[in-house]
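The letters A, B, C, D, E and F name the chains in turn, as written, and every chain counts its residues from 1.
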Amino acid sequence: MYLPFFFVLTLLVSLHSATAGDYCVADLKQPEGPSGYSCKTPAKVTVDDFVFHGLATVGNTSNIIKAAVTPAFSAQFPGVNGLGLSIARLDIAAGGVIPMHTHPGGSEVLVVIQGCIKAGFIDSANDVYVKTLNRGDVMVFPQGLLHFQINAGKYPAIAFVSFSSPSPGLQITDFAFFANGLPTELVTGTTFIPGDVVKKLKAVLGGKN
Amino acid sequence: MYLPFFFVLTLLVSLHSATAGDYCVADLKQPEGPSGYSCKTPAKVTVDDFVFHGLATVGNTSNIIKAAVTPAFSAQFPGVNGLGLSIARLDIAAGGVIPMHTHPGGSEVLVVIQGCIKAGFIDSANDVYVKTLNRGDVMVFPQGLLHFQINAGKYPAIAFVSFSSPSPGLQITDFAFFANGLPTELVTGTTFIPGDVVKKLKAVLGGKN
Amino acid sequence: MYLPFFFVLTLLVSLHSATAGDYCVADLKQPEGPSGYSCKTPAKVTVDDFVFHGLATVGNTSNIIKAAVTPAFSAQFPGVNGLGLSIARLDIAAGGVIPMHTHPGGSEVLVVIQGCIKAGFIDSANDVYVKTLNRGDVMVFPQGLLHFQINAGKYPAIAFVSFSSPSPGLQITDFAFFANGLPTELVTGTTFIPGDVVKKLKAVLGGKN
Amino acid sequence: MYLPFFFVLTLLVSLHSATAGDYCVADLKQPEGPSGYSCKTPAKVTVDDFVFHGLATVGNTSNIIKAAVTPAFSAQFPGVNGLGLSIARLDIAAGGVIPMHTHPGGSEVLVVIQGCIKAGFIDSANDVYVKTLNRGDVMVFPQGLLHFQINAGKYPAIAFVSFSSPSPGLQITDFAFFANGLPTELVTGTTFIPGDVVKKLKAVLGGKN
Amino acid sequence: MYLPFFFVLTLLVSLHSATAGDYCVADLKQPEGPSGYSCKTPAKVTVDDFVFHGLATVGNTSNIIKAAVTPAFSAQFPGVNGLGLSIARLDIAAGGVIPMHTHPGGSEVLVVIQGCIKAGFIDSANDVYVKTLNRGDVMVFPQGLLHFQINAGKYPAIAFVSFSSPSPGLQITDFAFFANGLPTELVTGTTFIPGDVVKKLKAVLGGKN
Amino acid sequence: MYLPFFFVLTLLVSLHSATAGDYCVADLKQPEGPSGYSCKTPAKVTVDDFVFHGLATVGNTSNIIKAAVTPAFSAQFPGVNGLGLSIARLDIAAGGVIPMHTHPGGSEVLVVIQGCIKAGFIDSANDVYVKTLNRGDVMVFPQGLLHFQINAGKYPAIAFVSFSSPSPGLQITDFAFFANGLPTELVTGTTFIPGDVVKKLKAVLGGKN
C-alpha cells in the first residue's frame, strides 16, 4: 500500500515545475510588467517572503493630519505580488484624518481594530455613504471612488485596510491638486476653487504656482 | 466538392448555440450583475443594438462650464455591454472645461476631432502630465486617475473618448465634494478647503450644508 | 464662475446612470452568475449595505478545535459582491487550531490582532512555509494552497484574514475526507490513510461509511 | 482530540454558503450575462451536471466535409459554465476536413486520439504554422486566429479539442461568407473573391444573393 | 490646519512607490509577457509617452483598396500598454474598403468622423449585421468576429476605431489565405475556393503556391 | 480589382507589429511574471513551439500508485504560455489511482480515452460528486477542489485532462502532508490524523519527522 521511495523522489523533482504559478514573489530589480513585478527565482524564495512585520509598529502621527498610512503593497511586501490583494495599516490620532482620496487600482475593505472611525465614500452619482464605525466593524469602499476616514473618538484609532490588488495605488486629492507644479490657474479652472485658496494650499503642501 | 444542402441546414441550426458569448446586448429590464447587464434574447437582437446615433449631435454647452459630455456607456448603448469598451463625446465651447474627474472603472483614450484641447492627468505620485492637443492628436488617461480637459483655442472643440469598460463611471470631484449632503465640516475636514469656500460651492452646485 | 442651478440638476440626474458598475450589492434573492450575485436595485442601496457588524463579536470557540471562523463573504456581507475582495475573523483559543484547509477561489492575507499564531502553507512542490506570527504581523497564503493556523501562545488569539475574492470558498481537508458519505474504501484508496483511522474520523465528524 | 458532533453539524450548515463560487452550473432558462449563464440552484445540483456523455459517440461524417464537430460548451454541458474551459470532439473521415475557422472567445488545444491530422493556423502577421500530427500529439491554436484540421491519413481520425472558455464560439469562414444573406457584391467587395464563385458557394451553402 | 512642510516631503517620497500599477508605459526593448510589454522606468516617463500624434495625418489611400489603417496599438503608442485599450484611424477613399477581417484580441467601437461608411459583422451563427453609418454614428464589433467597412459615399471617409485591448491584433482574411506560403491545395481544401481563384489572388497578394 | 504588389509588401511589414498579443511562447530563460513566462522573440517562433509530442507515450505506471501524470503545462509546452489553457495525460494501470489532489490555479475537464475510471470531487460544502466514466465520457472538476481518479476496470485506463490555466499547479494532499519536513505534531495537530499513521506515511513518502 505504500509508495516506493524511488517513485517519490522522481515525482517530487518533476513536481517542482508544477509550482510555477502558485505565487510570484516580486523581484524588485527585474523588469515590471502590466500584471506586476517579475518573480524571484523559486529556489531563493523563503517563508520570510510571505511574512511582513512592517505593520506591527504604530505609524508616526506627529503630523498635521495626525494620521499615518503604512502600506504593505507589492513594493513593500513582495509576497503579495501577483496574488490580487494587499494590506495596509491606518493610525489616526485623536483629531486626525485620512484625507479624501482614491485607490485607482482596487477596492478596499476596512476593519477597525481600536477606537472609533467615521468613514465614508461618494459614488459616481454623488451619493454619500457615511458611517461611524467601532471596534470590529467592517466597511467596504468600491474601487476608484473618493473616500475618507476620520477619528471620531477621543483616543488613537487603528484600522487595517485590505485591497483587491497588490498595488492599488493611492491618490490623495489635496496632494494631486496642490502638492505639485500644476499651475494655479489650471487648478482653479478645473476645480472652481478660488485662486487665493489654491495658492495657500500650494504653499503649505509644497506645490509651485 | 460542395456541401449538400441538408448538411448545411443542420449545421446552421446547431451553430446557433455557438453564438452564446459572441456578445451580450444589455437588457436593461433584467437583473444586473457584477460583470454587466443580463443579455437580451439573441432572437430579438438586431443591427440597431450595435449602432448608436446619440453622439452625432452637438452636446448642449450653454452652461457655466461651457461643455458637455455625452456618454455611450452600456446604459445608453446596450450593444457594448460585456464587450469591455465604450465611448463618449466631448463638446467644449471656447472658454469651456471638463472639470477635474476620474473614471473609477476604466482607462480612457481621447482623440481630438475639432479645435484645440489642453488635457492633463495626475498620477499616484502627484506627478502632473499636461499637453495641448490639436486635431487628430491622441492622449491616454490611466484608470482611476484625476484628469481634465480645457478648450485651449478660440472655437468650439470636439473630442471622442473611449474607455476600457462598458461602464467606466464618472466622478467629477467638485460634484462629489459640493453637490450633495456631505456636511461642510466633513468636506473641510477631509479636503482642507476653507468652510466658506465649501459653502459657496455647495450653494452653487445644489449641495446642502 | 459658478454653475447655474439648472445645469446642476440636469447633470446630477444623468449621472445616475453613470453609477452602474461602481458597485453591485448582492441581492441574494435574484439569480447568481459566474461572477457573483445579481445587484440590488441602486435606489434601495444604503450605507448599511457597505458596513458589516458581524466581525465585532468574539467567535464561539467552545468546540474541539477551540477556534472559530466568522466569514464576511458576499453571502454574509452583500456589499463586497463583485468587488474582488472579502474578509473574515479568526478566533483561536489557547490550544486551538484552524485545521488544514484551502480557499479554492482566492488568496488570503492574515494580520494578527491579538496573541501569537503559528501559521503555514505548503506549495505545489510540497515545500513548507511556516512562521510564528505576533501582533501586527502579516502573512500571505497563495490561492488554493493548503494552509493552517495554530494558537502558539497561552491566551486567545485573534486575526483578520482578507481574500482576493468576495466568495473565496473554504475547503477543510478533514471535512472533505471524513464528514460526508464518501465511502471509506474510496477515502483510503485515494489518501492511503488506513481504513480504521478513516472510520474513527468519520464517526466523529458525522460522516457515513 | 475529536470534534463534538454538535460543532460539526453547525459548521457543515454554515459552510453551505461557502460553496458560492465553487461552480455555477448553467440554468439555461434563467437570464444570461456577460460572464455566462445564471447558476442552477445549488440544492438541485447533482454529479450528472458535471458529467457529459455526448462525446462518447462517433460524430456523423456522412456529409460533404466528411467531418463532424461535437461541442461540449456550456450550452450543451452546463457544468462548465463559469469555469473557464470546455471541450469538443472532432471526427474526420478519410478525405475529410474541418474547414478554416476561428473561435472568437478562446484558445484551443487539440490532442489526436486516432489517425493522422494535418493542422495549421495563421497569425496576425500572416505567418503560417502547419504540422502533421499523429496519435497522442498535441497542438495549440491561439485565440481568434484562423485554423483548420485535415485528415492526413487513410482512416478516420478522432481528436479532442479543449478551449479556454466555456463558450468559445465557432465561426467557419465559408459559412460566414456564403451561408447567409450577405449580398454577393458585399462579399466580393470585401473579400476579392469573384462574384460567380461567391454565387456558386452561396447556392451550395444555402446563402441568398 | 495646514500640513507642515516636513510631513509633505516625507509623504511625497513614500508615495512614489504607490504609483506602481497606475500605468506601464511599454519599454519595447525589454522582455514582453502575456499581459504586455515590460514597463519603462517610471523616472523616465514623460507626458509624451501618453500622447500620440500619428493619427493626425491622413493615411495613404493610393492603393488598390483605396483605404488605410493607422494603428495606435502598444507597439506604436507605448502609453496604452497594460491599460486595456487602444485606438486606430481609418481612411477610406471613395470606392475604398477595409476588407473582411477580425481582431483576435479585442472588441472594436467605430465612430464616423467624416463621410459615409457601410459597416457590418457576422456572428458565430452566421447572422449578418450591416448598417450605413453617417458622421457621428457609432457601431460596435464584438471580439473576434469577421467585419468590414466600405466607403458608402462619394467622398473620402474617416473613422476612429477603439479597441478593448492595447494589442488587439488584425487578421485580414484575404491576407491570411492568399498572402503567404499556405499551399494552394490547402487553401482550396479548407475554404472550397477554386484553385485557379486561389492562385490568382496569391499572385496579386504576394503569396506562394 | 487586385492589390498592387507594393502595397502588399508595405502592409505585410507593418502588420508584423500587429501580431503582438496573438501568442506568447514561453522563453524559460527570461524572467517570469504573475501572468506567465516572458515571450520568445517572435522571429524565432516556429510551428514546433505550438506542438507537443510528450503526451504520445504511455506514462510509466510501474510504481505503487500504478499511475502516471504527464503534464503539458507551460513549463513543458511553452506554446500554451499566456493562452489560458493546458493539457496533461493520465495513465492509470489496473488497480491504480491518481490520489486526492487539487489544482490551485485552474479548473479541469477530463475525457476518458481508454478503459474505465471512477472519478470524483468534493465541494466547499463537503458534498461529494462521484461517477464511473467510460470511454468518451467527460467530467469537469471545478478549480481548487479536492478530486481523484481511480481505475475502475481490469485494464489500463487513459485519459486526457485539460485545464483553464497554462500553469494550473498540482497539489497531492498526501505529498503535501507527508512528503516534506512538516513536523509530525503539526500534521497531527492540523489534520487529526494520529501521529503513528503520520510517521508511517512520512517514512514511505520520504518526509522527515
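Rule of thumb we're sticking to: a contact is a pair of C-beta atoms (placed from the backbone, for glycine too) under 8 Å apart; a residue touches a chain by one contact, two chains touch by 3 or more.
Keep in mind it's a predicted model, so treat the numbers as computed, not measured.
Q: Examine where the copies subunit D and subunit E touch and state whether the two sides share over half of their residue numbers (same) or under half (different).
A: Over half shared, hence same.
Q: Can you work out the whole-Å distance between the CA centroids of subunit C and subunit E?
A: Taking the mean C-alpha position of each chain, the two centres sit 41 Å apart.
Q: Averaged over CA atoms, how far is the centre of subunit E from the centre of subunit F? Could you give it in whole Å?
A: Whole-Å distance between the two chain centres: 35.
Q: Quick check: how many Å separate the C-alpha centres of subunit D and subunit F?
A: Here the centre of subunit F sits 20 Å away from the centre of subunit D.
Q: Let me have the rounded angstrom distance from the C-alpha centre of subunit A over to the C-alpha centre of subunit B, please.
A: 26
Q: Show the residues in subunit F shared as contacts by 2 or more other chains, in ascending order.
A: Within subunit F, the residues that touch at least two other chains are 1-3, 12, 15, 18-19, 22, 31, 33-36, 104-105, 120, 123-124, 126-127, 130, 142-143, 145, 165, 169-170, 175, 179, 192, 201.
Q: Using the definition of touching given at the top, classify the network of chains in this structure as line, ring, star, complete or other.
A: Topology of the interface graph: other, matching no listed pattern.
Q: Can you work out from the touch definition every pair of chains that touches here?
A: Applying the touch rule to all chain pairs gives A-B, A-C, A-E, A-F, B-C, B-D, B-E, C-D, C-F, D-E, D-F, E-F.
Q: Enumerate the contact residues on subunit C facing subunit D in the complex.
A: 31-37, 63-65, 71, 73-76, 104-105, 165-170, 175, 179, 200-201, 204-206
Q: What part of subunit B is in contact with subunit E in the complex they form?
A: 1-3, 12, 15-16, 18-19, 22-23, 42, 46-48, 50-57, 72, 77, 79-80, 83-87, 89, 106-109, 111, 113, 120-121, 123-127, 129-131, 133-143, 145, 160, 162-165, 192
Q: Quick check on the complex: what are the subunit F residues that touch subunit E?
A: For subunit F paired with subunit E, touching residues are 1-5, 7-9, 11-12, 15, 17-22, 24, 27, 30-31, 33-39, 81-82.
Q: Could you list, by residue number, the parts of subunit B that touch subunit A in their complex?
A: Residue positions touching the partner: 97, 99-100, 102-105, 118, 120, 122-124, 126-128, 130, 142-146, 148, 150, 169-171, 173-177, 179-182, 186, 189-194, 197, 201.
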